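In what follows, chain A forms one complex with chain B and a second complex with chain C.
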Partner chain A sequence: MAEIRREIRLYLKLRRAALRGAMQYRGNILMMVLAGAAYQGSGFAFVWALLHTFGTVAGWGLGQIAFLYGMRLLSHALWLVTLDGVMQVDYAIREGHLDRMLLRPVNVLSQLATTTRSLLPFGDLSMAIVVFGVAVSVADLDWSPGSVAFLVLAVIGGAMIEGSVAVTIAGFSVRVLDTWAYRLMMFDAMDTLGSYPLSIFGSGMQRTLTYVLPVAFVAFLPASVILGRTGQLAVPAWLGYATPVVGATLFTVAYRFWRRQLRGYQGVGH
Partner chain B sequence: MSVLRGYTAYVRTAVAIRLQYRSTILASVVVTLVWILLVTRVWSAAFQGREVVAGLTLESTVVYLTLASLQAAVINTPVTWIMSSRVRSGEVLFDVSRPLGYPGQMLALQAGQSMIQVAVMVLVTPVAGLLGGLSGPAGLTAGLLYPVALVLGWVLNALLTLLIGLSAFWTVDNVGITVLYRFVAAFLAGATVPLIFFPGPLRTLAEALPFRFVVYQPAAIYIGQVDGAEALGGFALSLAWIVILAGVVGLTWRRAYRRIVVHGG
Partner chain C sequence: MSLITVRELTKEYVRTKPVQGRFGTVRTLFTREKERTLAVDRIDFTIDEGEIVGYLGPNGAGKSTTIKLLTGVLWPTGGTVEVAGPDGPVVPWRDRRRLAHRIGVVFGQRSQLWWDLPLIESFDLVAALYDVPADRYRSNLARLRKLLDLEPFLRTPVRQLSLGQRMRGDLAAALLYDPPVLYLDEPTVGLDVLAKETVRGFVDESNRSGRTTVLLTTHDLADVERLCRRILLIDHGRVLYDGPVDGLVARYAPYQEVLVRLDGEQPDGGRLDLGGFIGEREHDGRWRFRVGRDEPVHRLLAAAGDGRQIRELAVVESNLESVVRELYRERRNT
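Let's turn to the complex of A and B:
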C-alpha cells in the first residue's frame, strides 16, 4: 500500500512538472487547447447540424446524443489527461529515453505517461465539459445518488478501456518500434464509433462492437442504461452496468502485457 | 523549361516521401472507410421513413457523403508540418537559397503528396461504395463539371495549406493551427453535412468562406444538387478566391522571407 501511495505521489509530481513545462510556451497554449476542442467539437457540430433538420436519430434526441457524446468525451479526456505521454512510446524508445526511465526508481509507465508537453488533452476536456453541459440542460436525467455514482464509475471505466488500448499498443511498441499508424487507426475508430448511438447499425455490428472491439462499453451501453434506452439494444441490457468492471479488467490485462513486453526490451542500440 | 524540371523533381520527391510511409497510407484509408461506414449509417437512421429532406433523397445524400469523405482526405497533408519543422531546424535556409520560389516548391510538394492520396482514394472507391453508397453522376454535364470542380478545390486547399504552413515563420510551431484548420475547414467544407442542411447562420458563414469549394461544390455537382448557372457561378467565385489567396500567399511570403533573416537559421 505504501508502495502504491509513493508511486501516486511521484506520478503527480512528474505530471505537474510536465504541465509546468508546457506552460512555458505561452503562445502555443491557447492554440493547442483550441485545436483539441476543434477536433472533438467538429464531430459534435455534425450531430448538432443533423438534429437541427431531423430532430432525432434512431430515436435519440439532441439531449440524449449530447449525453452519450459528452460521456464518451469525458472518458476520452480523462485517460488523455492522465496517460497522454504513453502515446510517445515509439519516440521514447527510438531516442533511448526509455533506457533512462528503466534505471530510475519510478514505475516506467508512470514516467512515460508524464513525459508530454501536449495541451491537446485539455482541449478535449474543455469540449467534454461544454457538450456535457448541453446534455445536462437539455436531456431529462435521473439525478438519484445511485445514478450519479454509476455515471462516475462508468466514465472512469470508459477511460480505462481506452487507456488499455494505448497501453497494449505501447507493449507492442517495445517489440516492433513503429506503431504510429496502428494507434491512429485504433483511436480514430474509437472516436468515430464510440460517440454515436450504435443502434444505427444492425445487430451484427452492435455485437461486434460489444464483444470483439469493446467500443460499445465506453459510452453507448452505460449511457443507454442511464437514459433508460436499453430496450433497443441488440445485446443483453445488464451489460450496460459492466463498463467499470470491463474497464478495470482490460486495463489490468493491458498493464500485465506491457510489463511482460518490457522484460524483453532490447533497446535500439544506444 | 529547367524551372519546370525543378518543380517536377519536387513533385517526384513528395511522391517518394509519401511512399516511404506506407503504414500511414493504410491508416488514412482505414480511417476514411470507417468514417464512411458511420456517417452514411447515421444519415440513414436520421432519414428513416422520409423520402426527400431539404430537396435531397437519402440515396443521393449517401452518394454525397461517400464522395465528400474521400475528397476531404486531401485536406489532411504533411506539408504544413514539413514547413514548420524546417523552420525550427533552420533547414529552411536551404529551401530559400534554391533558384526556385519557396511557395512554388511547397506547392509542388503538396501536388506530389496529393497525387498519392488521390491514387489511393481512387483505388479504395469500390470499397467505399460498398460501405457507403455510390452511383454514376447525375448527368453528362455533372460528370464533366465534377473533375473541373475537383481541380479548383484542390488549388484552393493547396493555397490555404500554404498560408497555414507560412504561419510557422512567426509562431515556429504550427500544430495547433494545422489541427484547427483541418477540422474546422472540413466541417465548413461540408465533409460531414451537406451545406443545405446547415442551420441558418452557420450556412451563411459556410457560404461566405472558400472551404465549401474543396468538398461541397464538387460532390453537390456530382449528385446534381448544384448545376447549370449555379455551378458556373461557383467556378467563377472559386477562381476569384484563388486569385485573392494567391495574392495573400505572395504578400505573406515576402514578409516571412524577411523573418528568416531575423531568425538566423
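Let's turn to the complex of A and C:
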C-alpha cells in the first residue's frame, strides 16, 4: 500500500513537471487547448447538424445523443489527460528515453505516461465538460446517488478500455517499434464508433462491437442504462452495468502484456 | 570482495533478416530467416570497490551492449552479473529497482534532465524519484553545486545549456543519491578541452573522496590516461585485454619507433635494411623503424650514419593512443 501511494505521488509529481514544461511555451498553450476543443467540438457540431435535420437517430433524441457523446468524451479526455505520454512510446524508444526509464526506481509505464508536452488532452477535457454539462441539462434525467456513482465508475471504466488499447499497442512497440499506423487505426475506430448510438447498426454489428472490439462498453452500453434505453439493445441489458469491470479487466490484461513485452526489450542499436 | 562480478555474460540480438531483391520489403514480412548478432560473447571480469576502469573498444565492439546489461536495461542471452551491496547482491535485469539506488548512469549522447525545465527542477525530480531524504539532498546538492560550479545556470532551462553545462548537470543528477557505482558512457564526447578537464577532475574527485567506483567507456584516450589505472579492452564481444594501462602498451607495443630522414641520394624501393633493422618509407620521405625496447638503438644509428648524413631523427614512444590505433587497425584488416 505504501508502495502504491509512493507511485501515485511520483506520478503526480512527474505529470506536474510535464505540465510545467509545456507551460514554458506560452503561445502554444492556448493554441493547443483550443485545437483540442475545436477538434472534438467539430465532431459534435456534425451530430447536432444531423439531428437538426432528422430529429432523431435510431430513436435517440438530441439530448440523449449529446449525453452519450459527452460521456464518451469524458472517458476519452480522462485517459488522455492521465496516460497521454504512452502514445509517444515509439519516440521514447527511438531516442533512448525508455532506457533511462528502465534505470529509475519508478514504474516505467507511469514515467512513460508523463513524458508529454501535449496540452491537447486539456482541450478535449474542456470540451467534454461543456458538452456533458449541456447534455445533462437537456436530457431530462432522474438522478439518484446510485446513478451518479454508476456514471462516475462507467466514465472511469470507459477511460480504462481506451487506455488499455494504448497500453497494448505500446507493448507491441517495444518489440516492433513502428506502430503509429495501428494506433491511428484503432483510435480512429474508437472515435468514430464510440460516440454514437450503435443501435443504428444491425444486431450482428452491435454484438461485434460488444464482444470483439469492446467499443460499445466505452459509452453506448452504460449510457443506455442511465438513459433507460436498454430495451433496444441487441445484447443482454445487464452488460450495460459491466463497463467498470470490463475496463478494469482489460486494463489489467493490457498492463500485464506490456510488462511481458518490456522483458524482451532489445533496445535500439547495440 | 569485488563490487561487480560479471560471469560468462552473453548477448545475442535476433532480428528478422531483410530479404534483398524483387519485392524484398514485402517478402521480409513473411520470411522466417533470422539474423543473429553476437554483441557480447562470454565476457568475464570483476571490478573492486574504488576502482576506475576504462572500458575500451572500437565502434561496434559491444561496449554499449555491456553497459545496457550491467545497468539492467537489457536481459542477457546467457551468463550473469552481480552487484554487491549492503542488503545482498543484485542481478541488474531481475531487480531493476534495487539496482537503481546502487548505480548512477551518464550517457554522453543523451541527457536524463528535463529539457524544458530549469536545471534545479531536474534535481528536485531526481531526488524525489530516488527517495533522497531532504537533508541529504540539501547537503549533496550544495557539494555538487560547488564541485561542478553549477550556480550560474541552475535556473536556466536545460534546453538552453551548452553541452558542457548540460554534462555537468547530468553528472550531478547521477550522483545526487550517492550511488556507489557510476557508469559513464562517453562522458566527454563533443566537449571542448576545458569542459573535458572539468568532467575528468570531477570523476577523479568523486572516486577519491566519495569512493565511487567508476566504469567509463570513451574514445578519448586522454580520459583513460588521466583517470584509469586499469583497462578492459573488448572487441567482437570478447575481452582482449584486462589489466593496467602500461601493461597494455608493453604487451602490444614492446618497441619504440625511430623516424630517420637521410640526406642526399635516397635508396630505391619502399624498404630499407640498416644493420638488420627494416625501415619502411613514409609518405614524407622519412624512414620508419621499429626498435624493440631492449634492442640497442645505437646499432641502427651507426648503420644509418655509415657513409650518409642523418638530417633528422625522431624517437616516438608508443603510448596508449598508438597502441589502440594499431589494435583497431588490425581489426579492420581481419
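Quick notes
One rule holds in what follows: the second predicted complex is superposed on the first by the 269 of 270 C-alpha atoms of A that agree within 3 Å, B and C clash if a C-alpha of one lies under 4 Å from a C-alpha of the other, contacts with A are read in each partner's own complex, and residues count from 1 in each chain.
In the analysis below, a residue touches a chain if its C-beta (ideal position, glycine included) is under 8 Å from a C-beta of that chain, and two chains touch if they have at least 3 such contacts.
Not measured: the values here are computed from a predicted model.
Of the two partner chains placed by superposition, A:A216 touches none, neither chain B nor chain C. Of the two partner chains placed around the shared chain by superposition, chain C is the only one that A:G264 touches, whereas chain B remains out of contact. In the superposed model, A:L80 makes contact with neither chain B nor chain C.
By the touch criterion stated above, A:L184 is placed in contact with chain B alone, chain C being left untouched.
Contacts of A:I169 after superposition on the shared chain: neither chain B nor chain C is touched.
Contact comparison for chain A: of chain B and chain C, B touches the greater number of residues. Note: residues 25 of chain A belong to the chain B contact set and to the chain C contact set alike, using the contact criterion stated above. Within the complex, the chain A residues that touch chain C are 6, 10, 13-14, 17, 20-22, 24-25, 95-97, 99-100, 102-106, 117, 263-267, 269-270. Against chain A, in their complex, chain B makes its touches with residues 23-24, 26-27, 30-31, 34-35, 38-39, 41-48, 53-54, 171, 173, 175-180, 183-184, 186-187, 192-193, 197-199, 202.
Partner chain A is touched in their complex by these residues of chain C: 13, 37, 39, 60, 62, 64-65, 68, 71-75, 96-98, 100-101, 103, 105, 107, 109-110, 112, 114-117, 121, 125, 128-131, 157.
Contacts from chain A toward chain B in the complex involve residues 25, 27-28, 31-32, 34-36, 38-39, 41-42, 45-46, 49-50, 52-54, 56-58, 120, 178, 180-182, 184-185, 188-189, 192-193, 196-197, 199-201.
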